[in-house]
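Going by the order they are written in, the chains are A, B, C, D, E, F, G and H; count residues from 1 in each one.
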Amino acid sequence: MSPDKLRELLAAVARGELTPEAAAERLADLPFADLEFAKLDLHRELRNGLPEAVYGEGKTEAELIAIARRMHEAHGRVLITRLAPSPAEALIEALPGARYHERARVLTSGESRGASSAEPQTVAVVAAGTADLPVAEEAAVCAEWFGLAVERHFDVGLAGLHRLLAVVPALRRARAVIVVAGMDGALPAAVAGLIAAPVIAVPTSTGYGAAFSGLAPLLTMLNACAPGVAVVNIDNGFGAAVVAWRIAVAAEKTKR
Amino acid sequence: MSPDKLRELLAAVARGELTPEAAAERLADLPFADLEFAKLDLHRELRNGLPEAVYGEGKTEAELIAIARRMHEAHGRVLITRLAPSPAEALIEALPGARYHERARVLTSGESRGASSAEPQTVAVVAAGTADLPVAEEAAVCAEWFGLAVERHFDVGLAGLHRLLAVVPALRRARAVIVVAGMDGALPAAVAGLIAAPVIAVPTSTGYGAAFSGLAPLLTMLNACAPGVAVVNIDNGFGAAVVAWRIAVAAEKTKR
Amino acid sequence: MSPDKLRELLAAVARGELTPEAAAERLADLPFADLEFAKLDLHRELRNGLPEAVYGEGKTEAELIAIARRMHEAHGRVLITRLAPSPAEALIEALPGARYHERARVLTSGESRGASSAEPQTVAVVAAGTADLPVAEEAAVCAEWFGLAVERHFDVGLAGLHRLLAVVPALRRARAVIVVAGMDGALPAAVAGLIAAPVIAVPTSTGYGAAFSGLAPLLTMLNACAPGVAVVNIDNGFGAAVVAWRIAVAAEKTKR
Amino acid sequence: MSPDKLRELLAAVARGELTPEAAAERLADLPFADLEFAKLDLHRELRNGLPEAVYGEGKTEAELIAIARRMHEAHGRVLITRLAPSPAEALIEALPGARYHERARVLTSGESRGASSAEPQTVAVVAAGTADLPVAEEAAVCAEWFGLAVERHFDVGLAGLHRLLAVVPALRRARAVIVVAGMDGALPAAVAGLIAAPVIAVPTSTGYGAAFSGLAPLLTMLNACAPGVAVVNIDNGFGAAVVAWRIAVAAEKTKR
Amino acid sequence: MSPDKLRELLAAVARGELTPEAAAERLADLPFADLEFAKLDLHRELRNGLPEAVYGEGKTEAELIAIARRMHEAHGRVLITRLAPSPAEALIEALPGARYHERARVLTSGESRGASSAEPQTVAVVAAGTADLPVAEEAAVCAEWFGLAVERHFDVGLAGLHRLLAVVPALRRARAVIVVAGMDGALPAAVAGLIAAPVIAVPTSTGYGAAFSGLAPLLTMLNACAPGVAVVNIDNGFGAAVVAWRIAVAAEKTKR
Amino acid sequence: MSPDKLRELLAAVARGELTPEAAAERLADLPFADLEFAKLDLHRELRNGLPEAVYGEGKTEAELIAIARRMHEAHGRVLITRLAPSPAEALIEALPGARYHERARVLTSGESRGASSAEPQTVAVVAAGTADLPVAEEAAVCAEWFGLAVERHFDVGLAGLHRLLAVVPALRRARAVIVVAGMDGALPAAVAGLIAAPVIAVPTSTGYGAAFSGLAPLLTMLNACAPGVAVVNIDNGFGAAVVAWRIAVAAEKTKR
Amino acid sequence: MSPDKLRELLAAVARGELTPEAAAERLADLPFADLEFAKLDLHRELRNGLPEAVYGEGKTEAELIAIARRMHEAHGRVLITRLAPSPAEALIEALPGARYHERARVLTSGESRGASSAEPQTVAVVAAGTADLPVAEEAAVCAEWFGLAVERHFDVGLAGLHRLLAVVPALRRARAVIVVAGMDGALPAAVAGLIAAPVIAVPTSTGYGAAFSGLAPLLTMLNACAPGVAVVNIDNGFGAAVVAWRIAVAAEKTKR
Amino acid sequence: MSPDKLRELLAAVARGELTPEAAAERLADLPFADLEFAKLDLHRELRNGLPEAVYGEGKTEAELIAIARRMHEAHGRVLITRLAPSPAEALIEALPGARYHERARVLTSGESRGASSAEPQTVAVVAAGTADLPVAEEAAVCAEWFGLAVERHFDVGLAGLHRLLAVVPALRRARAVIVVAGMDGALPAAVAGLIAAPVIAVPTSTGYGAAFSGLAPLLTMLNACAPGVAVVNIDNGFGAAVVAWRIAVAAEKTKR
């Protein structure tokens, strides 16, 4: 509840239009839907600009359907990440118009919604190798659903530097660049050294033993020799898309 | 060298205004100043929008003075981070107009330079506790030198949630929010849950034993339950300031 | 053997009612049941107030049945944790009145037994997300079997702070609060900042890569910025329930 | 602000005794003292039952004096932990009646204040070895300042089990037992196997190389084979005292 | 080749009984059987007193049979550890008289062979919990095959100290005590505090999350507060048996 | 593009044989084949002397076939590592002349190609135990495909030092020695102490718990007491083969 | 208290020679000396065969003197490990006949006492490099004080294998071999492959960065490819000496 | 002793020129100098091609002088690494002609000695930043002392890629390239992607917190996306120089 709303509420009490009890109740009337096993934060879009996304892992099919329906009801659209193919089928039947992005393991329903009627801002999603595609696609699909225009540049790892240099002009046009890389995770630093936009680095869990399931690229990215690299969790394409969305859209949307 | 410059150069060759040898030389004439023990990347401002900063640790006083003078010559201003008080004194004598920010351990010379003549964009720097001040100040001083307007909100950790809630309206007005925290590092997630702007999290190395010199808050921030948190290295206030600068300024500056 | 009992025994020897040999034997007659592959600590309830619980993992069905029967014989009730569904079926047949709590993976037989005939004390079990439910249910089911009244508050993670604030009044009424959280594990600190009762934090192994199977929330909880958080092992709902029981019940029970 | 206070405030507005503006201001009038470099949470005692403690490390002498004076003004007493001897001297001059506990590195001013006029509850502080004394003393001094009666049992490590057995009867009388141990950290499990009260385990950073500055006893304690052990941060005697205080006192104090 | 043998060989050359070429060949005639994929160290029994054991994991059935036959040929007996049930069946058919110890996952053929005709020395194998049985049985079966007399004491963990105290007299009679424990791994220190014989500690990989697959008990054992605990690898019952054998038997056997 | 080529290109522009536009295009005409999900670095052989190898894990069968065909087209040969048996079958049908090396999990097509018509240089591949064979075979098969002569010496671990000493003369003849070892990873240091050629150490992920999936041998090798050991990633036989190839062949090949 | 003593005590009660009260008191009369800050386990020699040693770190000079005097009084001799030179001087004055072993940082007083009047058993102490000397000397000095004959073999690391081979005959004569090594820690495995006696491995904290203060040699030793290596804590020469003493002496001493 | 030498020795025995006793003695006459606290491996140059280097840390001044003198006597030259300035002064006095390289912390005496009279081979030493200079200089100074020609290229990190590209032609002429880098350690992969010679990567311990004293660049280098990178220990410039020497010189030297 914003300070403005609070003042208004109190004024209504002062004017006798609202009893103190009703006002107290309204203050306590928190905007979430309680499904017992989950409390859906229906208020999040107002607060943060994006509706709550659903983390698909560790939920039963029945729970996923109940949550997705309730979210769809409230927002007209739903985003579910980390969703296995088999519950995805059931959800597609339950949610008319839903679509499952297999490589990204993401389900979307409802149309993506840009910040305004204006032209969408562009975000680039760069992947070091083919093995990083599932995470890169998660980032790309989520960003598109958030209303961003996404340009994909895959398999441009440092082992063949010219592949990266070939896409630099495109990267320079983006509002933010998401760079997905496993193994040594050196790509984000190289990108940050070549462009001025913010670089969002996503380590992936692919690679030989001493990559330690993503620890190696994570540390590399945190220590990137070129400043201006910000890092999200291992394999967290969704998180990177939210950061990109905040950079590109949120400020404009919420300042007014 | 940008594609445009390349075309122009080749056209000059085609017009006979430039010999092939001279053109090849110019292409190889890389824009760095070689001090033998250091190769100063004088080109970085053109490429990334910011001049190269100098990392003060592990350099001798003589090296620091040589580097700072050469940078100042090229850019009219210098930024040195992680600088101990004693070489700072020597540098202040050597560089007229330089200033040492003790708590931040940063030396600046030259005026901060915004992206344009327009009003500077605002970045908020939030610190969880008083012990996080040196890192928070590093972020703030660097951001100011980059031409951003900085609002400081210190000691608003989660143990007294109302202190944070009191500054939320201010945070909502910022283009990006840098959140500095040691110990459990939980503050960035709380901030990200309350605002729409991008949150740049900086773990610090303060705290009891199981903080493991910043590992604990680092992991907390990477796993932030509220999406939209991007993380930089432990104690790296400078890096956070660069990310903020890229978010706030770089895109505008370089797109043209 | 308590000092009182020892004095009594020695007095019986002194009175000639007991031969030294018999007394020595009795002192050596340790109260456990030796099943060869297991030595059941039948004495534990007297010493600690709770009968020994059975850890279900890594035991064969036959061993589980033998142990459960012997425990039931001695105490009239049994608690088995970390029990897979398939041995659970066999145990339900073998132990009349046993019940399998699927989500919690716990089997209970016999009635829960409070500390006294008085009203049971209340413990709150709070879970950050739906994915933390199995651990939260383990804590809740065990606590109920120990004779505590349990209030469940699930999916109240920090990303939507108002969900937590809505349950604070309820948490304030509890004798102890168990807080279960994966990912960043920041919830217990937030709870501890809002209430005065002891907070028992349980990290879970859910989350993206850099949660490192529960290491991240474990460290967060140990470093909780609000003092008064005590931590148990990753995914150890049972252990949290025992701590809660000790806080709420044990002292009264054993002081007399 | 409690729900009761909120209703009262709104009623005052309804009765015309308070303008809406004044009410909004009062709601926003957050109870902290802003010293610029620190925001003192003066409200904490009301919320949690204990005033905010000051973490002494990383603060300048001037800051410590300013904070301590302001805290003393508000609460009539101050607790500073992790305080080096040299700023302690300055503080003792600045704060009449303050006392520095050298081994514990704790400064206290004002009298300890029990929960009520009733007899204070007893907490036992157990230390495995002489090297664990500073941490054990931190726990003991803090607990005393919180108004608890403290019984100390030092150097009762497992290598000579009989030393522990000798103090078990005393431990059985305590409302909670704090067990401080470095090296293998096995003592808390042994204590928990012998008594029914809650055991608060504090790992210390003493020991040979593979203790890894407290990591080894920390893991041991989290994995304690006897259930009912709750763990706090390495060397965090203060945190253990707060948990003990919450167990022993808080519930009674706040339920009314 | 021992110095004595070398002298003898050279003397034979000096006497002309052996050509230099033959002597050089004999020196190079190293005592291993080369199966191409494996070089069997048939010499080990002479050097170390025990024939080479076969590590069963990661070898194909065919390789296992070839190796086992060749070992049996050379030594009249074979020991295979970490052997899954399915190749074990094939080996039992291929090696007359072989026996598979299922819980220990060990296959033995040939009779166990003590150091001498004298009475075998006794080693105790102690396990903290039922879940540690496979490792404890590996230690026990191997030790028996090495010719030691083994006494088993299982499920005597610290949570019920009296179970351990009951077996102390038996432990005092052993030449060495192998203590197998997971979770907190505190048992070996307790044993070492009660007896004078060497304690060989084996951490196991059982337990809740923060046991980190045996890391926690490993560290506990290395930091055992009672001196005289020597540690082997996680789950390495075989290694513990070899250490016990060296302590009990090897010295006598090889000194003569 | 080499400096020579650049000069030539510019000269052609100067001579009017090439328009500036065409020259710029050619400079941008980067030598990779874009398959959308992969950008094949067809240029690598020219730059590094070896064609790009394909990492088989995490790619679908269809992607593998498309990539392999395109590589074969460009180079007349393909190398795929970390390839499971089932996609291997499909590839063998799709690529005439391809061969699957099962133990090494490597697919090769086309003939191996030495640096010159001269006799191939020899590389030794040494494995400590039979369990290290898959990694050792990956190194050997790759090295052969690169045109090196490979000598295999398997199962010569330190437990029977004479097995190693027997092959030292052969190792002395090699241009480089690849040493593959799990468990304690001590073999490379022993080899480096006996010969003068460079030793390339490959840790493997085999062994008991505290080998931590290859971490133990990795650290051992990095700390090898005999200088001259260089280490590659855990289980990375392919990487070791490339280092060997660079040592043996690359310099000669590229200097001219 | 041994079972025999207990029977005797009870018999005395039965015979009326002892009142039950006196007997109970005697049972409770635990054999430690309570110095308030330390509880000296004077009973340990009877139980374990060795008096308690004093860990010198973290104790004040005054505490060390008080403890040492009390120990000397009770046992006629004292052993203090990890003692810095400055308190050592004070102790030498306070304890007539005490001697400080500087390299080992050990203080001894009283004569070493073998298990019997018979010839002392021999233990070998082997060090890989000169940098491992302090730890090796700690082991040697302690073992000598325990009454063992010690043979030192220093600087025989694997980098020059022949240095080790030269001392093998001597090692074969020892009852147990302590092997001290930093860096790669490979020496114990090599020794264990060559002799039959038990090998006690002590990792040290010397070496380059990736030795991680002893972690690397610790893991190497736990994974030693030659079975029969038992490991103690990093830099813990004292612990190794106790294990050696238990192997060599304890059994004989305590069996009778 | 080589097989050839052995045959020769045996032939001399056969010819009666040598008694068996003398031959046995000679075989046992191991080529090291025993200084009691050190056993100097004077044989190493014959076996490996390089004399033993002295690790300066943890040795007293007296020990260093004794070792250096004995080495100088045997080889006419000495190399001491990791030597602090103060013992260096004493050594320079004791060893005529010795020189201390301050930045590298290396002392050399005697002339560097190439493999043959032929022109020395070239090795490039590349450093990412100025802070990596001490390690890079250690590598360079050692390599020069080994008889290699060294080209230094410092401060060419990835943040300004053009600095690296400018030196690629020079790197292409080297027989091996040593790449020294801290922070993200990404430079070696970039170099390996551009040249064909073997790349020896040296991680350094410089950088912000999450570099974890060199762990981050170490992991990056082990996971280098460009194959052909071999890694040595953190800060181990000496080790890298030995690998380079083995690559460049050893094979030629020892094959004959």
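Keep this in mind: contacts are C-beta pairs under 8 Å (C-beta built on N, C-alpha and C of every residue); 3 or more make two chains touch, one makes a residue touch a chain.
Fair warning: this is a prediction, and the values are worked out from it, not measured in the lab.
Participant: Along the graph of touching chains, what's the shortest path length in steps from subunit A to subunit D?
Facilitator: Minimal hop count between subunit A and subunit D: 1.
Participant: With centres defined as the mean of C-alpha atoms, identify the chain lying farthest from subunit A.
Facilitator: Using the mean of the C-alpha atoms as each chain's centre, the farthest one from subunit A is G.
Participant: Shared interface numbers for subunit F and subunit H above half of all numbers used, same, or below, different?
Facilitator: Copies use mostly the same positions to touch.
Participant: With chain centres taken as the means of their Cα atoms, state the distance from subunit A to subunit E in Å.
Facilitator: 54
Participant: Hey, how far is the Cα centre of subunit G from the one of subunit H, in Å?
Facilitator: 38
Participant: Round to the nearest whole Å and give the separation of the Cα centres of subunit A and subunit G.
Facilitator: 59
Participant: Where in subunit D do residues touch at least two different other chains?
Facilitator: Residue numbers touching two or more other chains: 3, 28, 129, 159-160, 192-194, 207-208, 210-211, 215, 218, 222-223, 226-227, 233-234, 239.
Participant: Mind giving me all the chain pairs that touch?
Facilitator: A-B, A-C, A-D, A-F, A-H, B-C, B-D, B-F, B-H, C-D, C-E, C-G, D-E, D-G, E-F, E-G, E-H, F-G, F-H, G-H
Participant: Which of the residues in subunit A come into contact with subunit B in the complex?
Facilitator: 3, 47-49, 53, 169, 172-173, 175-176, 192-200, 218, 222-223, 226-234, 238-239, 242-243, 245-247, 250-251, 253-255
Participant: Taking the touch rule as given, give the residues of subunit B at its contact with subunit C in the complex, in rising order.
Facilitator: For subunit B paired with subunit C, touching residues are 128-129, 157-161, 183-186, 189-190, 192-194, 207-208, 210-212, 215-217, 219-227.
Participant: Subunit A touches which residues of subunit F in the complex?
Facilitator: These residues of subunit F touch subunit A: 28, 30-32, 36-39, 41, 43-44, 52, 55, 57-59, 63, 203, 205, 213-215, 218, 233-236, 239.
Participant: Provide the residue numbers of subunit C that touch subunit G in the complex, in ascending order.
Facilitator: Per the touch definition, subunit C meets subunit G at residues 3, 6-7, 10-11, 13-14, 16, 19-21, 23-24, 27-28.
Participant: Taking the touch rule as given, give the residues of subunit E at its contact with subunit C in the complex, in rising order.
Facilitator: Within the complex, subunit E touches subunit C at residues 129-131, 133, 154-156, 159-160, 162-163, 165-166, 206-211.
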